[in-house]
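Some structures are shown below for you to check.
After this come two complexes, each holding subunit A, first together with subunit B and then together with subunit C.
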Partner chain A sequence: MADLGLVAADLVVGLMLGCVFAVIAHGLNVIWGVTKVVNVAHGEFIMLGAYGAYYLNLYLGFNPLLSVPVDAAIGIGVGFLFYFGLLHRELRGKETITRESEMVTLVATFGLSLILSNVALAIFKGDAVGIRWAPETLALGPVGVPLGGLYVAISSVAIIAISDLFLSRTYLGNAIRAYSQDIGAAQLMGINPTRIAAIATAIGFGLTMAGGALLTVWLPVGITPLIGSTYAPISFVIVVLGGPGKMWGSLLGGLTLGILIDVLPAFGISTSIAVAVAFLILIPVLLFAREGILR
Partner chain B sequence: MAQPVEPEPKPTTAGISGRTKLIAGIVVAVLIVGITSGIVYVLSQTPASAFGIVRVGFSISLTGQYNVEGKNSLTGIETAAKWINDHGGVEVNGKAYSVDLDYYDDASDPTNVVNLYPRIITQDNAQFLLAPYSSALTGAAAPLADQYDRILLSHGGSSNTLWTKGYRNLVEVLSPATTYLDGPLDWIKANHPTDKIAFLYADDAFSIVAGRAAVAHAQQLGLANASIQTYPNKGTTDFHTQLNAAKAAGADDLIGGGHFQDGQAIVSQLSSVNWKPKIVSLLVAVTEPSFQSGLGAAANNVTGPSQWESAVNYTPALAATQGFTWFGPSSADFTTLYKSIHSGLAPTYHSGEAAASLFILVKAIETANSLNTTAVRQALAQMKVMTFFGGFQVDSTGLQTAHTMVLVQWQDGQLKVVQPAAVAQSSVRYPYIP
Partner chain C sequence: MSARLVARDVRKNFGGVQALRGVSVTVEEGSVIGLIGPNGSGKTTFLNLLAGAEKPTSGTIELNGRRTDGLPVNRVVGLGIAKTYQIPRPFLAMTVRENVAVAAMYGAFHRKPGEARDDAGRLLSLVGMDPQAETVAAELTVQHRKQLELARAIATGARILLLDEVFAGLSADELPRSINLVSKIQKELGFGALVVEHVMRAVLTLSDHVVVIEEGRTIAEGAPQEVVHDPAVIEAYLGTEVARAPT
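Here is the complex of A and B:
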């Protein structure tokens, strides 16, 4: 029988880890859901967001939470460049995103991923860096709650809530949703598809790099040029679990993974098996709920 | 009314069209590239020894997971090569050869190792090999050394299992993995025998051998195990769950780790779970200066095993009393030379063990008085040599039997040797208070 105190402690950590997973996957969710582009370079942009927060801390003394809006703004700029540099030529003038376009963008972003990770290795030299910030722990009875993780969890939920409100309550958000559902019909309603796809991509990149900044709170050390290879697969699983384009799907997918990975070991299951189980969830979802768990 | 005039055809330039010029340009470019490549290839095929060179090839992790350990290993090897070349090189049959290093970054990836070593041997003509850093990468290189009949000296791969697979050319310079965590356990047994120990170690080839040996050693000593956990070596960055479990099991001490990044992450997350073990002793990571600079106060009082520290003074006199032949510089001379060519940075144990591998190789070549692989391997099997790094003697499989380890602890920003008492700079601080 598992120790209840340990289960509670692991549940708290799992919830916070789930929120970290959610926020780093959220940008991928937006881009995939709206433009139907599977950004294979997603992990590298998480890495760049983390390095952005690190250098803002190193040179300007920013704590990682203050770096989030700065990273997001940089990410939006990068997103526009990414769209017009890589995606526009393939997506422009199309009323539906064909399988051929998906393959072209997949390969293009894969190439970008290789370029970014190798350039980062050349520049950052592979040294593990991190930001020492907010290491205090809040004692809630027998359970210790790391404040850094709590801040990330709150920020993560706030970011997802704001993006949901933006998409459902604003004209631009509704235009993005319309584009994601039917490009041809959206055009008939006077929506400029290029503008909308570029904005959605930019928002997705802003969210991704903001997620990278928040990751540095959860990981006070261990930011390396290769960190994207750890978090990109997790992000893909989360988006598939929650359903591409479903804002709260990021949180649902993230929490599912985080809780499974952190709570199963309390029942005597090794960490390696817990991670495998979390990824195995993907198979029934793909078989029985291809649009994700959320309806 | 003027008649329309047909435009005259434009004259061609000396009868050569643009298309012909383009083709001629391409042919010339291809010829230049081909001839240049041929010259480079022929030069690269020239036997190295024709120029009085002993070429020593290896891959090393300058990027990726093991970049910290790899870079320090490389600087150690470079220092050793400089010392050897400054002191007359390698003498074989009365002729002096200089050591020429030939290396590539393997990015901490065994698939790169598998591609690089054949290239180092067949294209670069390396006569002898040093292993890459880590047991996993050394394991990838070892069969290639046998396949191409080259000596492979291991300076960063210490998993005992490497020497159970029958590789004839793999020779270990450092202490084997099974002895890494004996130091902290022996100290706990002697000073706090009622402490309960949490074992937490990575599942890679080296860490799992070191971790399992530590568990067995603790059982032999009669120490109580609070918990035994492993974690995936690749990609694990979150240790909250494992630390929570160790804390909940009532552990007093934390023993284990794996390599640099996970070791640093474990210590950084102790505060998140509000746990202060009395002894924290982790593999590999602790000896690196960047462990302390990255963690700050959290690194204080963390202990770890070390293959070598510059403060540990092996001398020719000690070698003589223990029946070893001395070879190479003293610890102080090695440290001074290392600092002089590496911007004042002090060598770490990864620098020391990697440098020692080159000294041992050179001593073996000179003992064999030959550049032949079989002769040098026989010399390695029979040598009993001491360098600044400590003793060297191997058993019939190539496993190291003479080298011993020390225990180090970060104390107020300084890395101090704390065990064994005979060479200690300071006593062990207990309990761990960051």
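Here is the complex of A and C:
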């Protein structure tokens, strides 16, 4: 029987970690939901976000929270480059993504993922690094809540909430939603399709890299060039679980995965099995609730 | 200045097929032009050219003397020409109000999000869709989808509307109501419209002027009553339908 105090502690950590997962998945979700392009190199941009935070800490003394806006800004720039360098040729003038463009973008982003992780391996080397940022721990009865993780969790939820407000209340947000539902009709309302696809891609990359920075709180000695291969699959599961294009779905999916991955080990199940269990959930979801668990 | 859309000798080839072989139409603000012709005569192609969805092979399209052919759809809308889809394409996950508000935010008006929602409210009461304002578009009936399509086109602030078979698929008892509604709204707002229509009753009621095309060229035009009695038109297409149409 698992120790209840331990389970409670893992539950709290799982929830906080899940919030970060949600931001990372949200980045993938925005690009996928709006442009219908699946970015296979997603994990590598999480990794770059994490290294961004690491170097900002190393040279400028930034804590992970301070690195978030910097990483987000870099991500936005990268997103525009990614859109105009790769996606524009495939999406321009089309009302739906063609099978051919789907293949081209899958293969191209897969290639990009290999290039980025190997270049990162050459530059950053294989040694794990990390940021030592440990504000105090808050004692809640028997459970110790690390404040760093709590701040990051709060920031993550705020990021999701802001992006939801942005999409429902603003001029650009409405155009992005319209575009994601019907490109032809959006254009007929006077919306410039290229502009919207480029901005949505940029926002997606900004979120992804910001998520990488947030994640460093949970990787005190664990940033390597290969972390993308851990967190990209988690992001995919979350997006499918929450439903592509659904903003709060990312949060719900993130929390589910965070809890699974952190709580199952308390019952004596190894972490890698816990991750496998998380992926196993995908099968019933894909079979019975293809639009995700949120209606 | 009142808007004036002029298409001159517009031609369009798709590969070796000549879909349009020289059609000229003028639509002025405040007037309704009916465009009729048998299936495959080029009506929808012509509408797509005017809306900017396709480029003409030759000929010109001007709005108030400014060339619009060759501009992308979203630019054409920005200048004040909006089109409806024959099969409505609302943003399915948005509410009716949000659908109309998006059109008001972009389009030719560029309303702020808050103003756009107010505009949408006014327009929805005009088209009689107040009760559906907060309904998600995916749940609308065919008739409501058609009304929404029209409301969205109006909400763009366009002074010239291109209406593609707004009345097709409506039941016999929905039809007169729908025709009256469109006629009322058009008179109230004073926009110009080019109406592509199969439902003869709608064309005759709404139009000030009718253009008949067949195989990509104009075969007759004039006042609705003259056109339906034109022997060339009867022979080409209307034959049996005119015999039944109220005159």
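Keep this in mind: the second predicted complex is superposed on the first by the 282 of 295 C-alpha atoms of A that agree within 3 Å, B and C clash if a C-alpha of one lies under 4 Å from a C-alpha of the other, contacts with A are read in each partner's own complex, and residues count from 1 in each chain.
The rule is short, and it goes like this: contacts are C-beta pairs under 8 Å (C-beta built on N, C-alpha and C of every residue); 3 or more make two chains touch, one makes a residue touch a chain.
Since the structure is predicted, the reported quantities are computational estimates derived from the model, not experimental observations.
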| item | value |
| --- | --- |
| Touching partner for A:Thr137 - first (subunit B), second (subunit C), both, neither | first |
| Partner chain(s) touched by A:Ser270 [first = subunit B, second = subunit C, both, neither] | first |
| Touched partner set for A:Lys125, first subunit B, second subunit C, both or neither | first |
| First, second, both or neither for A:Asp10, with subunit B first and subunit C second | first |
| Touched partner set for A:Asn174, first subunit B, second subunit C, both or neither | second |
| Comparison of subunit B and subunit C by subunit A residues contacted | B |
| Interfacial residue positions of subunit A with respect to subunit C in the complex | 169-171, 174-175, 177-178, 181-182, 184-193 |
| Subunit A to subunit B touching residues, read off their complex | 3, 5-6, 9-10, 13-14, 17, 121, 125-130, 132, 135-137, 139, 144, 146, 148-149, 218-222, 224-227, 229-230, 261-262, 265-266, 270-272, 275 |
| Subunit C residues within the subunit A interface of the complex | 51, 72-74, 77-78, 82-83, 85, 89-94, 98, 101-103, 105-108, 112-113, 152, 156 |
| Residues of subunit B defined as touching subunit A within the complex | 62-65, 67-68, 107, 203, 229-232, 235-238, 240-242, 244-245, 248, 260-261, 264-265, 268-269, 271-274, 290, 294-296, 298 |
